[in-house]
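For reference, the structure I am asking about is given below.
Lettered A, B and C in written order, each chain numbered from 1.
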Amino acid sequence: MIVLLTDFGSKDPFVGIMKGVMLSYHPTLSIVDLTHDISPQDVAEAAFVLKTSLAYFPKATLFVVVVDPGVGTNRKIIYVETSRHRFLAPDNGILGWVLEEENPVRILEVKNSKYFLKPISNTFHGRDIFAPVAAHLAVGLNPEELGPAMRLEDLVSSPLPKPVQEKDGSWRGHVIYIDRFGNLITNLWQSLLHLKGDEKVELFLKGKTFKGFAKAYGNNHQNGGIVLLNSFNTVEVAVSHGNAAVAYGVKKGEEVVLRCLTSSS
Amino acid sequence: MIVLLTDFGSKDPFVGIMKGVMLSYHPTLSIVDLTHDISPQDVAEAAFVLKTSLAYFPKATLFVVVVDPGVGTNRKIIYVETSRHRFLAPDNGILGWVLEEENPVRILEVKNSKYFLKPISNTFHGRDIFAPVAAHLAVGLNPEELGPAMRLEDLVSSPLPKPVQEKDGSWRGHVIYIDRFGNLITNLWQSLLHLKGDEKVELFLKGKTFKGFAKAYGNNHQNGGIVLLNSFNTVEVAVSHGNAAVAYGVKKGEEVVLRCLTSSS
Amino acid sequence: MIVLLTDFGSKDPFVGIMKGVMLSYHPTLSIVDLTHDISPQDVAEAAFVLKTSLAYFPKATLFVVVVDPGVGTNRKIIYVETSRHRFLAPDNGILGWVLEEENPVRILEVKNSKYFLKPISNTFHGRDIFAPVAAHLAVGLNPEELGPAMRLEDLVSSPLPKPVQEKDGSWRGHVIYIDRFGNLITNLWQSLLHLKGDEKVELFLKGKTFKGFAKAYGNNHQNGGIVLLNSFNTVEVAVSHGNAAVAYGVKKGEEVVLRCLTSSS
């Protein structure tokens, strides 16, 4: 199974063309769209979506990740295998959060043009490199054919923002993703902050203070903002039956501070 | 076959994750997207889309409907079987219009957590309950395993707007859906009003009067608004080669009155 | 394999319903979405997408193209076979660019209502004609059953804009497509202008002059506009890491002039 994650959107035929290329090699291939609406060239957003999604896909799924502002320059394309999944992606840090969680067992540079479409454009490697290489892998190509091995430390280091802990124990992070409901998703990961979800917390955002944790979107009776641990296992600010991004005028990148009121108990 | 209808949009990975869960159980499952762009939390819009679509899908298709503002509260999840189709949905009235047309032969509350993903989040039951339950049903699970039987009268009653007939015989209804072309689709159902499509009618909307019925979008020579019986079998206001919602500044919920000029002949 | 290209968007259930109809006839049919976000009723945009995509799909793929402002009027529906592909489309010039490149070996008018859904609406032939006819073809219907043969010269002629060459050798064309990254794609086709990509060129657009050709989006150090030969083999104006349509306030239809500085060398 191949899973596609791109910033190609749904208007242009880019994704359809990639599928055409793959199905030309392998007509019964199963291709699933994770999303194609990553904000254009937003490597961090794609990294977040990938990290929070991949546990729900079958073992050995091949994730083809094409969020690639450097297409056509000398950035590398890499093939990575972990004990659970496989990835084709540009070497731009996009696999950073994944590789903190899953140890790579094989990293290769994708160089062997034998498996590319010709001529290779400078602007659409999704069609000319990613799609045909993915299809070849799906029909059983030995990945070693793709190119030379790389070491983890050879990869471009991840540009992804990390939260920091202040002296008073509070955590300073950022809104890293806003979903279609306007929920403000932060990089305050449950596992990193050792949160269980039953703590009392205060979250500070744009001069406002929010109390948490709420248990669900729907059970808020004040009709204001709520803080909860979401299904991605990060801290989130939401408005019940509303849109927090609009209500508070928040954009991606906004700073948040979380203080655990019951942390010392 | 499984058909998905949600308000998850295409930007976030929610739909892709649901597919990942289902395909983890059943790699060759056939999954069709009806739409994921229901306006957020708009139960009536989803009910309309479902009612007007389901006749075109094969018998026994399982519709998985996740427009669920009450996720994580004590709202129930239900499994409903009619003589033609099967449904998994929150118990929030979303199946109201369907169950006026197709008699339910089995209604069950989905309670048996044996078929859920663990841990169950409070915010993403699409992933944790709907997807795995749908996959279990697709591989042959006896639905009786899901939970106790319910009666039709136990379900949350439908919040869906209905047209009313005035003393003078005219019908007062609402714009319940606006499609991407800006066509204004009303709840004046052809069957309810006993319309054949060859009547002369007047429709009143925002102080304007429109004449009908036109036969098609393209054959209007006045270049103004037209009234027609659309492919959903409801009364619709459209602008030939234009956008009626923009032209007349109409939003969902706007009132319409239809008068049949040839009804007494 | 069936490929769908429409202006139905993703919000409405139109595409899902078409798939339901097709899968009702043929449950294991492979259906690929090229795009459904063609600008409403924009025949030229669909023609461009089709022309630049079809080489990447397997031989004998059936393209079902429903961008059809004349639905329900007396416009014809046609079935066209070339040596490489098959097409179902309204007869409105939408296949114009394709038929300049691939010679048709069979053109038929789709008239035999035996293969349509009944009743046939006047507004949704995608569901009532295109989908069931496509499914019948996919299960082996002899196309001759669809209706009478037509000649190429009987088809509605293409409304698609063409570039013209000026006396001084420069080419005057138009922006015919703007992709999601804001790249301005022109109808200055590489093949028509006999471009190799290593020429020095000047492009004039809205009073500005751009130099080309750049090799890739990412390798521009001036942080301004660049001109390149894109993956569709046409001349394109882009802004590295930015959005050219926004930066220069350009809409589809804007005129461009390209001058080859090294054409006489």
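Here is the rule we use: a residue touches a chain if its C-beta (ideal position, glycine included) is under 8 Å from a C-beta of that chain, and two chains touch if they have at least 3 such contacts.
Source: prediction; values computed, not measured.
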Hey, what angle do you get rotating subunit A onto subunit B on C-alpha, to the nearest 5 degrees? 120
For the two copies subunit C and subunit A, is the contact made of the same residues on each side, with over half of the numbers shared, or of different residues? different
CA centroid of subunit A to CA centroid of subunit C, Å: 32
Which residues belonging to subunit A are in contact with no fewer than two other chains? 10
Could you pull out which subunit A residues touch subunit C in their complex? 8-17, 19-21, 23-24, 27-28, 40-41, 69-73, 75, 121-124, 127-128
Of all residues in subunit B, which touch subunit C in the complex? 1, 3, 5, 10, 30, 32-37, 49, 52-53, 56-58, 61, 179-181, 215-219, 228, 230-231, 241, 243
